[in-house]
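Dropping the structures in below, format is C-alpha cells.
Heads up, the next two complexes both have chain A, just with different partners, chain B and then chain C.
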Partner chain A sequence: MILHKLTFAAAALALLAAGPGTPGPAFQAQARPVLSLRETLSIGGLDDDLLFQWTGLTVDRAGNIYVLDMMDDLLKKFDPNGKPAGRTGGKGLGPGEFLAPRLLDGTDRFLYATDQNVMGIMVFDHELKYRRLIRTPSLVSHLAALSDDRIAVTGLSMTGESAILIMDGEGKVISRWEYTERKSGFLQDSVSFAPDGRGGFLIAYLFQDRVERWSGPSARTWAKSYFGGEPVSTEKIGGFALPTETCFKDVALDSRGLIYVLGGNRAKHPGRDVLVLDSGGSLVQVLTLPEPSHCAYIDGKDRLYVRANDGVTIRRYEIRYE
Partner chain B sequence: MSRRCASGRIRAAALLVLAAVCLAGTAPVLGAGICEEAFVRCFYDPDIIQFFNFMGSGGMFCAAGYVFCRTYVEPILG
Partner chain C sequence: MSERRPRFRRSGTVLGWIAAAFLSAAPAAAGPPPDPERGGECLVLIDLDAFYCGLCLEALLAFCRAIPAALQESRVRGILIHRPPSAGLSGAEILRIARKKWDGLRRAHGIRFPVLADEARIFQRPEKAGASVVLLDVPGGAVRTFLLPLKPAEVAEVLRFLRQ
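On to the complex of A and B.
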C-alpha cells in the first residue's frame, strides 16, 4: 500500500512526460553576448525507452554520463556518445535499490546517490556496483562529492540545519559551514551548492533571492540578489508557511570560474534562464534554455547538461566563449 | 421544549460541527497549487507519516517532496 502511494506521484509524472516537447537550440542573445551554447548530444526521446524521468546526473572524467531515473528506479550509465553502458538498482528498500531516486554526484572512484526516503547516501563504483550506505543525520537535500573520501551535504529538518556538512567516507562530520545567521522560516534554508574550486562553496537559495560565495565555514565573501531582493511570499497551508516562489534551482561552476545559476519561477523564463556570474557575483549574461530544467550540471570539459522533454531527454551543450 | 425537538436540535448541531470540521480540513487545500496540495495530503496521511516515522525522517519526507515538487514537477505542469 505504501509503495503504491509513493509511486503514484511518479506515475502521474510519467503521464505528464508523454506530452510534446519543444526541442531546438534557440537562445536569447544579450546585447553583447559573451557566451553561447551549441548542442552536442541528446540522450533519450519520446520514441525510445532510454530515459523516463531523470533526476540526478553526473559525468566522470572520461565523459561517461550517469543518471538516476525515478520512473524505473534505476541508475543508468551512458558512454560519452550517449550509448547505454549499464544500469543498476530497481524498486525497493534493499541495498542499491531506490523508491524515489533524487541526487547524484561522483568522484574518480565513486558515485553518490540519494533517495528521498533514505537518510543516507548510497555509494556505487563506476561499474555501477553498490558499495555501501553512508548514514546522514537527516534527509539529504543537496550533495557535492569533493573527493573520494569527502562529501558535502545539506539536510532537511524541521528545526532547519542551515549548514553544509563536510563528511568523510564513513559519514563522520568533519566540519560544519553554517550559512544562515538566524532561523529564516520553514524551508527558507533550502539551497543548492557547488564547490567553488578554491576550497569554498557557492550557495544558491531555492526560496530566497540570494546567491552567496563562502570561502570558509564562517567567511561569506559576498551575497547578491538578482530578482529585486524582495522576500518570497509564503502561504499558510496546513499549519505551515510554505514559500510559494522559487528563486534559484541549481548552481554550477565552469573551468574559467564563471558561475551558472538556474533561475526558478522568479526568473523571466522560469527554469530556463541561466544567470552567468563572474567570480565576484556580477551578472555577465543570461542564457535562456529552450526548455525548463530542474538542474544545470557542468562537466570538466565545460559542457552543460540540462533536462528536456519534461525529463525524458538529457541535452548536452558545449559552452562557447567569445 | 419536547424531548423530540431537543433531540432534533442536538442532531442538527452535530451535523453543523461535522460540516465545519470537514471544511476546516479541506480549506488549506482549496485554491492551493498542486505542490501545496500534495504537501498537505502527505502530511496528513497516517500511512505515510507512520512509515516515515519508522524510517526516522517523519514529516520531513513531505517537506522533501514539496521541495522536489517545486523544483522538478512545477515546470512540467506549467
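On to the complex of A and C.
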C-alpha cells in the first residue's frame, strides 16, 4: 500500500466571488477542519490489464468497487483490496452489453449503468448479473441512485437540460426538479448532482460557474460562484453553440456534510482542484490532486476515489480531518 | 455526523455529448482481398485523449468496421498521438498509457491495423476530431486528410484508394 499525502492549498482564493443569489461573500475566514488525503489503494497500472479508461464508479457498503471501462466495454468489480472480483458486459447492443459505457451508481441491491447510446438505465445486481433496462425519456446525462426504487436523472436535450427527474424502478417519473428556467441551449445547463443527505440535491454546473443547493423541487437554498462568475464562451460547431471550457466536473458529499466540487478548466489546477465547501457553500479549503480526474466519488466511509494515469488507474484516498 | 443517502453513488462526465453533431454511421464494407502488389496506404492519426468523448471513439470504431481486416493489416497504419508531459506524468509514462489503452481497445474491438507511438510528437492532433485518416496518395502526389467520422462517400473513397 502506498501512502502518499497530498499537498493542498488551504489559502482562501481571492479570485472567487459570490454568485447570483448569494447574500454575502462566498468565502469567510472561519475555524474549520483542515483536511488532507492519504492514499490507501491504487487499482490498475501501466503494465496490467485491469483498467484501460474507466468512466463511472461506485462503491458498495462492503467496500467493493464497481467501475465501467469504455475501452473494453466492461463492467468490472474489485474487492476492497483492489483485487479483481468479476466482470461483465462487452461490446454490443444486447442485454447488459455496452457500446459506450458512461455513468454508474448503486444501492444496496442494484447497480445502475448507462450507455451513451442507450435511452435507459441498465440494472445489474452486485454479482454483476444483468436484471433489466429502465427506459428513460431521453439519453441520460447524469444519474444518482437514491434507493432501490428511486433514481434521479438528468436527460440530454437539444434545447438544453433543465430538470432532475426522480423516477421509480419502472421508469415512471415521480417528481421533477426544475433547476433552471433559462434553457441556455444544448449542453450549457448540464450539471453534475448529488443527493445532499437531507432530501435535496447539490448541483454543480459543468459549463457555468455555479454551484447550488436545492432543498425541494422549487426551493433553491443557495447558489454561488467560485471562479469570478464570468460566462463560459461558446463555439459554433455543427450548428450548435457549444461551451469551450468546463467550470466544474463533479460534486460529492462526505458523512460530515462537507461538499466536494471538482473544478474544471476554470480552476487553478484543472481537474485537480477539489473545492471543499461547508453546508452553506462557503469554501473551507482546496485540495489539489496530483493528477487530473473527471470525477470525485466519496464512499460511505469517507474515502475519495479519483482517476490517475489518464484513466488506467483508480486512486482511493482516506479523507483525514485534522 | 449527519446521515447521508445514498451511501454510494455514481460518477462520470457528460463531455462526450459534445461531438453528437458529428456522428454518422459508416457503411459496412466488403470486397475482394487486397492485391499485395497494389493499393494505396493510409495513416490513422489517433488522439486517445479525445476518446473520453464516446462519440469520437465510436467514429474511429465505425471506420475500423468499414475497412476489411485484410486491408487494415496491409494498407493501414495507426499513429498514436499523445500530449506533452503534465502534472504527475512523464512523457514516457504518457506513452506507456497510450499504448496500454490502445491495446485494450484493439483487443476488445478486433482492430487489425498496427499502430506506432509518436515518441517525438511530430504529428499534430486532429483538430476538432479524435482521429483522422491520412491517405498517402503517392501517384497523385498528395497527402489527403479526412476527419472522422467519415461520411459514407468518404468511406467509399478511402476503400477505393486502398484497393486501387
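Quick note on the criterion: the second predicted complex is superposed on the first by the 288 of 322 C-alpha atoms of A that agree within 3 Å, B and C clash if a C-alpha of one lies under 4 Å from a C-alpha of the other, contacts with A are read in each partner's own complex, and residues count from 1 in each chain.
Here, a contact is a pair of C-beta atoms (placed from the backbone, for glycine too) under 8 Å apart; a residue touches a chain by one contact, two chains touch by 3 or more.
Just so it is clear, the structure is predicted and the values come from calculations on it, not from any experiment.
Of the two partner chains, neither chain B nor chain C is touched by A:Asp273. In the superposition on chain A, A:Glu97 makes contact with neither chain B nor chain C. Of the two partner chains placed around the shared chain by superposition, chain C is the only one that A:Gly106 touches, whereas chain B remains out of contact.
Between chain B and chain C, more residues of chain A are touched by C.
In the superposed pair of complexes, A:Gly197 makes contact with chain C only, with no contact to chain B. Judged by the touch definition given at the top, the superposed model places A:Asp209 against neither chain B nor chain C. Applying the stated contact rule after C-alpha superposition, one finds that A:Ser138 touches chain B and leaves chain C untouched. Of the two partner chains, chain C is the only one touched by A:Gly300; chain B is not. When both complexes are overlaid on chain A, the residue A:Thr58 reaches chain C alone and has no touch with chain B. Of the two partner chains, chain C is the only one touched by A:Asp73; chain B is not. Within chain A, the residues touched by chain B in the first complex and by chain C in the second are 55, 102, 116-117, 139, 141, 156, 187, 190, 206, 237-238, 240, 242, 246, 249, 292, 294, 310-311.
Interface residues of chain A, counted against chain B in their complex, comprise 1-2, 5-6, 9, 13, 16-17, 55, 102, 116-119, 138-139, 141, 156-158, 186-187, 190, 206, 235-238, 240, 242, 244, 246, 249, 264-265, 270-271, 292-294, 310-311.
Touching chain C in their complex are the following residues of chain A: 46-47, 49, 52-53, 55-61, 68-74, 90-91, 99-100, 102-108, 112, 114, 116-117, 139, 141-147, 156, 187, 190, 192, 194-195, 197-198, 206, 237-240, 242, 246, 249-250, 252-257, 269, 272, 290-292, 294-297, 299-300, 305, 308-312. Residues of chain C touching chain A in their complex: 1-18, 21-22, 48-49, 51-52, 54-55, 57-58, 86-89, 93-94, 96-97, 100-101, 103-105, 107-109, 128.
Residues 28-29, 32-33, 36, 38-40, 43-45, 47-48, 51-52, 55-61, 63-68, 70-77 of chain B touch chain A in their complex.
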